[in-house]
Amino acid sequence: MITCLPDTEIERFLEEDLPYGDLTTHLLGIGQKRGEICFTTRHDTTLCCTEEAARLLEKCGCRVTLQTSSGTRLPAKQTFLRAEGAAQALHAGWKVAVNLLEYGSGIATRTARIVTAAREINPCIAVLTTRKTFPGTKKIAIKAICAGGALPHRLGLSETVLVFKQHTAFMGGLEPFLRHLKTLKREALETRIIVEADSPEEALLIAQSGVDLVQVDKLPPDQLKALVEQIRQINPAVKVSAAGGINEQNAAEYAATGVDILVLSSVYFGKPADIGATIVAV
Amino acid sequence: MITCLPDTEIERFLEEDLPYGDLTTHLLGIGQKRGEICFTTRHDTTLCCTEEAARLLEKCGCRVTLQTSSGTRLPAKQTFLRAEGAAQALHAGWKVAVNLLEYGSGIATRTARIVTAAREINPCIAVLTTRKTFPGTKKIAIKAICAGGALPHRLGLSETVLVFKQHTAFMGGLEPFLRHLKTLKREALETRIIVEADSPEEALLIAQSGVDLVQVDKLPPDQLKALVEQIRQINPAVKVSAAGGINEQNAAEYAATGVDILVLSSVYFGKPADIGATIVAV
Amino acid sequence: MITCLPDTEIERFLEEDLPYGDLTTHLLGIGQKRGEICFTTRHDTTLCCTEEAARLLEKCGCRVTLQTSSGTRLPAKQTFLRAEGAAQALHAGWKVAVNLLEYGSGIATRTARIVTAAREINPCIAVLTTRKTFPGTKKIAIKAICAGGALPHRLGLSETVLVFKQHTAFMGGLEPFLRHLKTLKREALETRIIVEADSPEEALLIAQSGVDLVQVDKLPPDQLKALVEQIRQINPAVKVSAAGGINEQNAAEYAATGVDILVLSSVYFGKPADIGATIVAV
Amino acid sequence: MITCLPDTEIERFLEEDLPYGDLTTHLLGIGQKRGEICFTTRHDTTLCCTEEAARLLEKCGCRVTLQTSSGTRLPAKQTFLRAEGAAQALHAGWKVAVNLLEYGSGIATRTARIVTAAREINPCIAVLTTRKTFPGTKKIAIKAICAGGALPHRLGLSETVLVFKQHTAFMGGLEPFLRHLKTLKREALETRIIVEADSPEEALLIAQSGVDLVQVDKLPPDQLKALVEQIRQINPAVKVSAAGGINEQNAAEYAATGVDILVLSSVYFGKPADIGATIVAV
Amino acid sequence: MITCLPDTEIERFLEEDLPYGDLTTHLLGIGQKRGEICFTTRHDTTLCCTEEAARLLEKCGCRVTLQTSSGTRLPAKQTFLRAEGAAQALHAGWKVAVNLLEYGSGIATRTARIVTAAREINPCIAVLTTRKTFPGTKKIAIKAICAGGALPHRLGLSETVLVFKQHTAFMGGLEPFLRHLKTLKREALETRIIVEADSPEEALLIAQSGVDLVQVDKLPPDQLKALVEQIRQINPAVKVSAAGGINEQNAAEYAATGVDILVLSSVYFGKPADIGATIVAV
Amino acid sequence: MITCLPDTEIERFLEEDLPYGDLTTHLLGIGQKRGEICFTTRHDTTLCCTEEAARLLEKCGCRVTLQTSSGTRLPAKQTFLRAEGAAQALHAGWKVAVNLLEYGSGIATRTARIVTAAREINPCIAVLTTRKTFPGTKKIAIKAICAGGALPHRLGLSETVLVFKQHTAFMGGLEPFLRHLKTLKREALETRIIVEADSPEEALLIAQSGVDLVQVDKLPPDQLKALVEQIRQINPAVKVSAAGGINEQNAAEYAATGVDILVLSSVYFGKPADIGATIVAV
């Protein structure tokens, strides 16, 4: 999933920041002077949005002379993107590029840390991320979690079947829904059926029902571990995922419960990666 | 600044989440059943994006029956937005509305806490936020910081003059730039001239030069306090702002240094507000 | 999936047809006269895009007085949509509405006929449609196939795993790919793995390999029937779909082969439904 | 009219198909491998949208090595477009390019067949196509009919004067309208006045009235032939067009009626051209 | 042609002016106070864009209480648009609405004056306007010239045939082109053929050739008058238009030359109408 | 501020003019012939939008062989932009490029003349332009006034504080507002506070109040001169701007009043620059 955002999106970011050009550079009269911009990691970072940052700098009129792929993990103090051009081109792209790189790489880096922590405990566990992205940022966010080694849990409502109590409320509750399951499975032959459980009791009911996957919401790791064992005895074929409040601090503990999948949103927010940008005259 | 995002933006958020309708609701055959959705605070929250969430629910076909304005501060467990409609309408809007409310109110709530903390120390201090928003979120972010009591430091490059070392690099350094200042001020008569200092020495030079505002980057509070005193003696007319790494933990301490303005980005990221959403059949 | 296209899309259709207003109505000076428009089936039709046509007429300034839902099946000569307004409003919306209704209902009607024909043979068979829509029409097309009783096979490349020989070409062929399958299944736990076979031999190899679904491309029904029996013996758990050239003429025959799923594109093109539109002065 | 669709439109087609990258290629880990894609006719084809397909492949990161112009007529088994690049680039563009080429060339090929058939009978006849395109496809459709040798009858409502009974309904019928014709002609000096007749009687009235062109709707060829003769006697200067239900099967017969123009919509729908696409590793 | 611009366009105008809300109103704390806005002519004005201004005010949250149609001619000091709402809604719409009204009505008023002046001399003359609109304003401009009583000469390159020396340059000059005319006329049966002449000699050649209309560029009225007489003798069927530099000062003089059509661009620029806008608290 | 408009905007201008290609060039069959286009000044011109015109020609398929920067002042008869390509590419770009250049350079040239005239009288005076641009043209207009040596007075409502009587109406009038000023200044520390005066009396009140700038609306130069002297005595620190009806005819006279700033809209409209474009076959 390491493609580049469309040009219209990249133009949109530039438009947000300089709808009518750069007043400071214009007033200082330095626009035509030549310079170089360098982007450097300030801590261990899994890069994301380098392709977009490079494209954005090109759109401003710069020439990119060094570019490292999204998904690359770098230690601190590594220069991974460099471009040269007129001062007005460098200044037009500078902060928007930094923002893209910092927010994108922040998500990728958090994701990579969680994937690593979870797989140290359970090498086969899948780390999937929800659709709770900041509105307007889904393309960057999905690219970043892929760059960090995770996959999207679902991209939206149109392509997956995930049943919440907010659905079963219209069917008389969980049990009436489960009686409807056979029909549902026949209609959605190519799609896995996932049902969220709000308690261990519900999880057991769901696991017995023949769904593909039971998603257990907000159960503490120790209770979850016991539940997973029960589910495995009842129905070894059903997959189990844990969701709700999983983050860098508790991911390893959740991985140790024996679930097949961690579903999380926490990578989408938090401190952006810290990336240094220097501009020098040449 | 408490206006509503344009409809095209709100449609865009919906499109991102359900480009082709809601598969689960469609397959369950519950789309036409009637229900109600309620949004409730789970902690002390300064609301933001309630106008957009309401508009979004209307666009999905719901009727809004309760709506509280952005900028309202509520304790936990308060219902502030409620709508009714067909299950397919409620499900279409549910998570996108939650995301808007949680990310928007998260920024507003963090902002409100920092403004409160800083003004307890210095009632006249201004809290301004940078342009380091997540690309694609600027409208939500600016609305949210205003809802929380701050103002934007600058909206982009086109409307303000803020000189960094990345500019003076093209003029031979800070001092040659300062010699150019008189011309700059004459041309930009309606705009305040702000110059960032990377050290106390630079700050003093800048303060003496006749700019409107010196912005001091990443100076620890104790050193900053001493610097502010020196600047006040040299030039009581110049304003001083502190920037770089200011957040909820240290805002009060920075306010105590005597600066006129805190400039910060930290409110833009961090955990979204936690907002409960219930859907019930009616 | 019976939602309405976004307003921006509906405006776009109008813009395509009358970017600067309606010259004929303007020159005739009849714009302000009042009239009524009626839309009527001319043959047995499964309706689609009535919601969009109604919205479009409203955007032109008409008042909708009768509206029937997408997905409704009607015999010939039934009026299903009616609106009143100024002549300039009726003329602005007339042909664009007809086009939407005819192309949308054409797809829905063809789909409904195929679904009916296939389910008469095999009541449990799923009818799924490919992503081979006319570029620019995906939203209408997906709504229409859902209105006709089918579901999308895949919405695009981002949310499903479907392996063609165009993929295995980069892995040394089908067999090397199948050896990689275990890893793939672990990573894509929530997504069904579908592999397309270009011959019965490939289909048997794939069916044994542990994928979720083997898609058999362009095999004549009689050969397919024999193949399905072989696959059922080898691996009763794997699902089988038939793809390639399935249409109204042969859908029943393909349904009789015992496959679980028909995958087809033929509903996307062909003659639009014939819908009458009368405009009368009132 | 052989220009290329705007980049934003081409990006839009890609976005529809892979909004978040290609999951299959990503999971198979083949994205960086090099390959080649070839597009080949499978039957006698008048090409359309080769420029757009090439641009689309370039936008995906491919390098185009062979490109044939829209409007070229090729027999079966001719390779007319070829590109090379990383597997992820080839897979990103593959099906969207095929769809563009197949739908575009399908329209162009049908158009070319009709133009050829009609001109064999009457070398001076014009073949014009209506505005009944699938909503969202007008740019492709108009390019394709031009590539096939036809011209647009009218692009929309803003630039032509075409009077239907749906207009005259607001003027008291056809005859009151015809009395108004002189004024209309004076105001629309640069635009031809076209009036549609729903019967031979109306056609004669219209032909006598001084309009530029009478369009005869849905009259069988034999009756139309007789009518054309009558019109030529009454008014040799008026042009006559036939509209309504003209297609590949009956175009020659309609051409033989002696009308000046065939107006048709049937080229816009029907089976897309069949175009083979192979991807090989290099 | 008196329709309303699409909502997306109207939102775009608002976005240009207040991308992040109204800082002044926000800081003054007056946003929620109620008021009324009134728009009043300051001179004899042909209104345009009142529909758009009203829609724009509604989008800002105002309620429109008086609205007069585009195309209405008013003397000075007439209130033609009024709305009420919160101060923040009134201020959001105020200047954008004024700009729309002033630029739109400026064009409409200039057009109406020219149409009146020309028709006093020659009641049958048509006044048509070129495609030389300010890029980005075509929809407003075309609506405005229609409101003022003119029609568009051509909307763009896609729907008309207008031959300039910049075309004949590729055919060896005017005469070789005229020899090609018969073919051209046969292909473009529904479209009038217009050819521009750069001298009286060319005009006579063109008039004899069988085109529908000869457009004479930049010929002084007295010479044009003589030329028109010559053309009438040579070919009474051909229409003659005058183009190039026609404006309010010389329109009557050009009308007196006997041409059928005046083609002009001068209405598109010039001083906007002066429209008063008052805002009062209520 | 001499950057280029975004590609999407440039495509939009082309789309407006040739949504479906160029009918004339297509029918003449000259599309593939090679030619050259040259753009030449016809009077003393300050260029603007040469970058956009060049980009637009490239998008049409031309190769640019000469390009002069926006902001350059040229005498008559200078060729400043030249491109070569196929006739269809040259014709596609010709008039849109001319329009961009003529409207953009018209604004730039008027601006440059006013700036020159005002600075001859007062070398330190600033010339600023309002936000009263033709809706849809702000990017071109702002680029053009910068090219002509002015700066924007305010880009919109979101980034400046400018108080009109339309604001103070909600506060009980000017004096109650001025009592609120201290609070306002504390909150908007980084923004200059500007207040418009509708009479000399108001101007004096405002000047005494401590605002940064008093803007005097529509006062004749002689009265303004006397007022400026009074203001200088009362408060030498406050800046004074003149607004309302300032144009090329009276700019020097206003400059002579001693104000610091001229604020004007008149450069945005008026006759476009006259630019010659020749196309020749090569």
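So that you can tell them apart, the chains are marked A, B, C, D, E and F in the order they are listed, and the count of residues begins at 1 in each.
The criterion applied here is as follows: contacts are C-beta pairs under 8 Å (C-beta built on N, C-alpha and C of every residue); 3 or more make two chains touch, one makes a residue touch a chain.
Remember, it's a predicted structure, so these values are computed and weren't measured experimentally.
*Asks:* When subunit A meets its copy subunit F, do both sides use mostly the same residue numbers (more than half shared) or mostly different ones?
*Replies:* Homomeric contact, different residues on each side for the most part.
*Asks:* What chain is the most remote from subunit B, judged by the mean position of CA atoms in each chain?
*Replies:* Most distant chain from subunit B: D.
*Asks:* Compared with subunit A, which chain's mean CA position is the farthest off?
*Replies:* So the farthest one, by centre of C-alpha atoms, is E.
*Asks:* Averaged over CA atoms, how far is the centre of subunit A from the centre of subunit C? Could you give it in whole Å?
*Replies:* Distance between chain centres: 31 Å.
*Asks:* In whole angstrom, how far does the Cα centroid of subunit D sit from the Cα centroid of subunit F?
*Replies:* The answer is 43 Å.
*Asks:* Averaging only over C-alpha atoms, locate the centres of subunit A and subunit B and give their separation in whole Å.
*Replies:* 22
*Asks:* For subunit C, write out the residues touching at least two other chains, lowest number first.
*Replies:* Where subunit C meets two or more other chains at a single residue, that happens at 1, 7-8, 18-23, 27, 92, 138, 151-152, 155, 158-160, 187-188, 191.
*Asks:* How about subunit B: which of its residues touch subunit E in the complex?
*Replies:* Residues 1-3, 6-8, 138-139, 142-143, 146, 151-152, 155.
*Asks:* Report the residues of subunit A in contact with subunit B in the complex, numbered from low to high.
*Replies:* That would be residues 9, 12-13, 16-25, 27-28, 30, 33, 35, 87, 90-92, 94-96, 98-100, 102-103, 106, 131-138, 140, 156-163, 166-167, 169-171, 177, 180, 184, 187-188, 191, 269-272, 278-281 of subunit A.
*Asks:* Under the touch definition given earlier, write down the residues of subunit C that touch subunit A in their complex.
*Replies:* Counting only subunit C, the residues touching subunit A are 1, 124, 126, 128, 151-155, 158-160, 186-192, 194, 213, 239, 241, 260-261.
*Asks:* Can you list the residues on subunit A that touch subunit F in the complex?
*Replies:* Residue positions touching the partner: 7-8, 11, 14-15, 18-23, 26, 31, 60, 88, 92.
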